[in-house]
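In what follows, structures are represented as structure tokens.
Next come two complexes built around chain A: one with chain B, the other with chain C.
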Partner chain A sequence: MNHKKIYPSYFILLPLVLYVIFFIVPSAMGLALSFTDWNAMNDEIHFVGLSHFKEIFANQRYLLVILNTIIFALATTILKNVLGIGMALALNKQFKTRNFLRTLFFFPVMLSPLIIGLVFKSVYNPDTGIVNAVLGVLGLNGLQHDWLGDVNTALAAVIIVEVWRLVGQNMVIYIAGLQAISDDYLEAADIDGATAFQKLRYIIIPQLRPSITINLILNLIAGLKVFDLVFVLTNGGPARATEVLNTVIYKEYSSGRYGFSTALGMIMFVFTCIVAFSVLRAMTKEED
Partner chain B sequence: MKTRAKRLLACGLCLGMVAGALAGCGGKGDSTEGSSTSGDKSGKVLTVAASQNWIVDVDKELAKKFEEETGIKIDFQLSPDDQYQTIVKSKLNTGEGPDIFFSYSGTKLKDFNPEKNMADLSEEPWVAKLQKWAIDTSSYDGKLYAQNTAGVDDTNGVLYKKSVFEENNIKVPANYAEFKTACDQLQAAGVTPVYEFVKDLWHTHYWMEGASSLALANNPELYNELNTNKIGFADVPEFVTALEQLQEMEKAGYFGENHMSNIYDNSYDALASGKYGMIIIHGSYPNEMAMNIDGVNPDDYGMFVSPLVDNEYVTLTAGGTTKCINANSDNVDLAKQYFAFLAEDENLKTLYAEKTTYVSSSVEGIEASPTAAFTELMDAAGDKKNPGAEASVYFYDGGKISELCQEMFTGSLSPKQVLEQYDETRRALAKDAGQEGF
Partner chain C sequence: MAKKKTMLTTIKAIVLWGISILVVIPLLIILFNSFKTQSESVAMELSLPTRWMFENYTTVLEEVNIGRAFMNSMIVSIATVLIATVGAALCAFVLARRKTKFHKFIYMFFLVGLVAPLNMVPAVLVLQKFGLMNSLLGLILLYSALVTPFTIFLYYGFINSIPKELDEAAIIDGCHAMSLFWRIVFPLLKPVTVTVVILNFMNAWNDFITPFYVMNSSDKMPMTTMVYSFFGQFQRSWHYVSVIMVMILVPIIIVYAIGQKYIIAGMTAGAVKG
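What follows is the complex of A and B.
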């Protein structure tokens, strides 16, 4: 027995109780309810087995929603990380407005996604929005577009807003990672005549691996769980082009089909766990 | 012993924290505290959920007057039009519903599960003042579940500006072919023929629903057959044709370029400015325009029945929006007090005088403000009036149909597939609800 522990074992009791009450019990209940026809219109609950899951996986419309969610998660994760690293590298140098720019780029992180959604609804407005106005001023009238109303551009338009919103958070994590890299490595590389790209490829990126891991996981989870931004900007439209798992769960739940929406929620939960653990495993394996 | 005492203290603190954390899960805060039937009511708050366009200044003025008289504050919780129903249903389903919420009348009451979520108002004193239609359309299974003291026995029709039609020698359409001709003439004159706002999901299905009274005239058992699952919407030829013609209109460019992003709030200006020629909308709309746009004269507008499927019938709604009390609220008695206040003659007169969107009165002795367009529409239709599907078919979800119409416009669904897909959704919902026949 280890008698040198700073805290006694029963200190784990409180977090464990809270974890069980607020996570394990609701999750287990959710799993159980996803096999029932629980709904708002009928007080009786019947066991329906896997019928909800069969309905979801047999219906192309729900598969499209899963595909949209994956596209959204992957695209936002890649863009936020690539831009985040670029901005972190740029803002890790010494110059006068460095702190101001860091604050500026981090600012959207502090805003509510709902507020951002409302603002960007106006920004993208085909008649009065600033995007089309700027294109008009630049003489690019041919590019003016109904960005959120066209099935071909709506998802991309939402992805851009999400990237704009959270790229600052990625930047901050990368800046912290960059500051942890010892100057000795970079000085040694300079002496050996390494180019900037070689330093990035062989020193900075490998040293940033823990930051990359955490950013990848956080962004993938956030991407798979996206709701508020899509809800405000497009509500899943037009023609379901931006429909994601959480907006469907919300719509099914509010229509009163609790059991069915819980089944969708379970799929999302399992899906998110698989993706997050796979990424974590792959990244930590490489770190080892 | 000292260690044991520390352990006990630690355990006690742990339990205290858990109890404290769980305590937050109970209760509903100040707004719903305590008995509501007696004692000092100052500081009490009644939450009222409504779609953003349903509450105007006079509603807020009356709420303020009620607060001055009783000390009970009315907190309006407004949601965007296309999200209202979803938000309130979610809140009710999670036990976090408002004290009072608005619903469409007729069979639409069923969407909010009246037996579970609505307080029975059958015995309230103000019921005696109501017109019979206002009681019937706010009742379900013989119980009155909503207050319609400011009802809108309204209908939808196609609104147009008379001067625009006259300037361009356009004949008021009496069938689909004439309607297309009118659209072509408007297009040739540089006017976008129809303002359609596809983004707000509550609207696009009007084009299909407009044909429902004709469908009922052709088959008097239509709604019974739909409500007992003998047929689906896809089996009704009038609905299929209406959607085919709607698709044709969209393809012909009658809705302009930005119809997928258009919203209701911009419709007043779109019509008043002459940029757009027509809109399918409720009969009180010209008065609503006048309230929102300076210089608009409601009498400048006319209306004709939805011409799709060569329809000649007016489709009646069940009575517009109506107010319900959340049966699970702790403030049912306070909410009833608010309803009684709103039903007082003086307050009703104030409401009807300022809210000119009410085209007919639901209360004996109170005058409404029917628009010229509405009167013209009803007179022209004569006896050809029938209740619409939205007010008569269980689990009718116009938002869902409108959403599927978006997919029809983008080419991913055919008109028939829209209805088949909708039938699938509706049947699943009705089956879950234990509706007989599903």
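What follows is the complex of A and C.
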């Protein structure tokens, strides 16, 4: 059978061309431009070596941004996974409303982060928001707060919205993982008198390893890349408490410092690749 | 023992219904406020409108250029779905069937795009070079490129599970490359196709970062960018902002209602094998 004829190479062409032009070329250009002083003011572009990177890593302002991004990525990843496993376990057994609840819990994944951001802005509103209203009803007036306006709570408040948005995605991946676990293991454990916790610890969690791997990678990448939600909720404020890499990249771009903006983009590129690759390595290595 | 079990089930039910309420509340806030008067909607509270202002919807349709924005979003989303899905399906088919060193390399090359973020500023520069700034076509091509890696990834895995003997039989029966793919293989890919169509539509429909970088004229704006700039201008008109948000949500809800089984299947594909 002539492979060249029935599987012609020109089938590959269209996506490859689009991908190279609009993804690979910008990535390569980003690398090159991050070593230049390209900006909106001057016509000529000069090579400035590593000076952008030196500025970024020597300046507390930017180190704080990188730290915020890491905190955001880690906190959302942990919360989404823990809650996702819990919800998946609760929905794993067959009962009447199971499919309905699964569909409902997944729904926020489908929504535009822009809309979610706008709504939660009003949910968190110190005077009229539902969060403070509920605290008031519960008699916890002492806890009422300007959640997004306070330096100490703003990042946590944004993290909670991101968890609300994507926990359903983790849940469905864990449900799929749970359904792949053979009942024989669990029945054998029952016969041996294992407790629910022991079953979770020694059978379910180890068997879920592929789902855990994929969820860790997806969530860490999404966390490092976060932009729209932060942009709408706080735009990096108050006092840069929620500033993350992508919001700074946009701000530097709007202020015309293109070279500097691409340098930050480069850092995010390298960071994301390293994180994804190391998680994959660590999780698949232990398997052998 | 039995008593403990029923108590656990009750607790579980309470927790699950609690989560359901948390999911639904923000959506109800949008819906209720879209029917309120301006003064009542200022607080964006969770309460039923005292008077149902159905005319909010007609006002937005007449006053704001929302029809245009809706069309822009539809054109961009549908075109992205067509280009990305057809392109990626053909591409994944050849990559999955040939598996030479070269084809494996191309597959890995695509997978880089699954992980790495796009460097937005140079992407803007590329669009400028092609004269695609501020144009729907630019947005369509950019989105198509960005969703291609994931689309190929899903198709590739699925095509691997279809026996190659099928292709050989079709060729012996006189099929050509194109007819083999469209008449024999593509119908078998229906579950993945539904998944990627929905996910790609959703991504294009919901995105609002990219138009922020590449669009500056208001008649080219999609719905998301439109609602954001509208919100910026009329901070106190939450009733109208809510109306536009409902309009953004409705197509997504329809798509989700039709295809939720396939979306969830697609999201979990590969997750079990690792």
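Assorted remarks:
Operating definition for what follows: the second predicted complex is superposed on the first by the 266 of 288 C-alpha atoms of A that agree within 3 Å, B and C clash if a C-alpha of one lies under 4 Å from a C-alpha of the other, contacts with A are read in each partner's own complex, and residues count from 1 in each chain.
In this text, contacts are C-beta pairs under 8 Å (C-beta built on N, C-alpha and C of every residue); 3 or more make two chains touch, one makes a residue touch a chain.
What you are looking at is a predicted structure, and each value in this text was computed from that prediction instead of being measured.
Legend: residue contacts after superposition of the two complexes on their common chain; A:I130 is shown touching chain C, with no touch to chain B. When the shared chain is aligned, chain B and chain C each come close enough to touch A:L18.
Applying the stated contact rule after C-alpha superposition, one finds that A:C273 touches chain C and leaves chain B untouched. Judged by the touch definition given at the top, the superposed model places A:Y253 against both chain B and chain C.
Legend: residue contacts after superposition of the two complexes on their common chain; A:F107 is shown touching chain C, with no touch to chain B. Between chain B and chain C, it is C that contacts the larger number of residues in chain A. In the superposition on chain A, contact of A:K199 is made with neither chain B nor chain C.
In the superposed model, A:N39 makes contact with chain B only, not with chain C.
Comparing which residues of chain A touch chain B with which touch chain C, the overlap comprises 8, 11, 14, 18, 21, 125, 127, 231, 250, 253, 258. Those residues of chain A that touch chain B in the complex are listed here as 8, 10-11, 13-14, 17-18, 21, 37, 39-44, 61, 125-127, 146, 148-151, 231, 235, 237-241, 250-251, 253-260. If you check the complex, the residues on chain A that touch chain C are 1, 3, 5-9, 11-12, 14-16, 18-19, 21-23, 25-27, 29-30, 33, 87, 90-91, 97, 101-116, 118-120, 122-123, 125, 127-128, 130, 133, 164, 169, 172-173, 175-177, 180, 209-211, 213-215, 217, 221, 224-225, 227-228, 231-232, 249-250, 253, 258, 261-262, 265-266, 268-269, 272-273, 276-277, 284. Listed in rising order, the residues of chain C touching chain A in the complex are 12, 15-16, 19-20, 22-26, 29-30, 42-46, 83-84, 87-88, 90-91, 93-95, 97-98, 106, 110, 112-113, 115-123, 125-126, 141-142, 144-146, 148-149, 152, 167-168, 171, 177, 180-181, 202, 205-209, 212-213, 224, 227-228, 231, 238, 241, 245, 248-249, 252, 255-256, 260, 263-264, 267-268, 270-274. Interface residues of chain B, counted against chain A in their complex, comprise 7, 10-11, 14, 17-18, 21-22, 82-83, 85-87, 89-90, 92-93, 113, 116, 198-199, 201, 257-261, 266, 397, 403, 406-407, 409-410, 412, 421, 428-429, 432-434.
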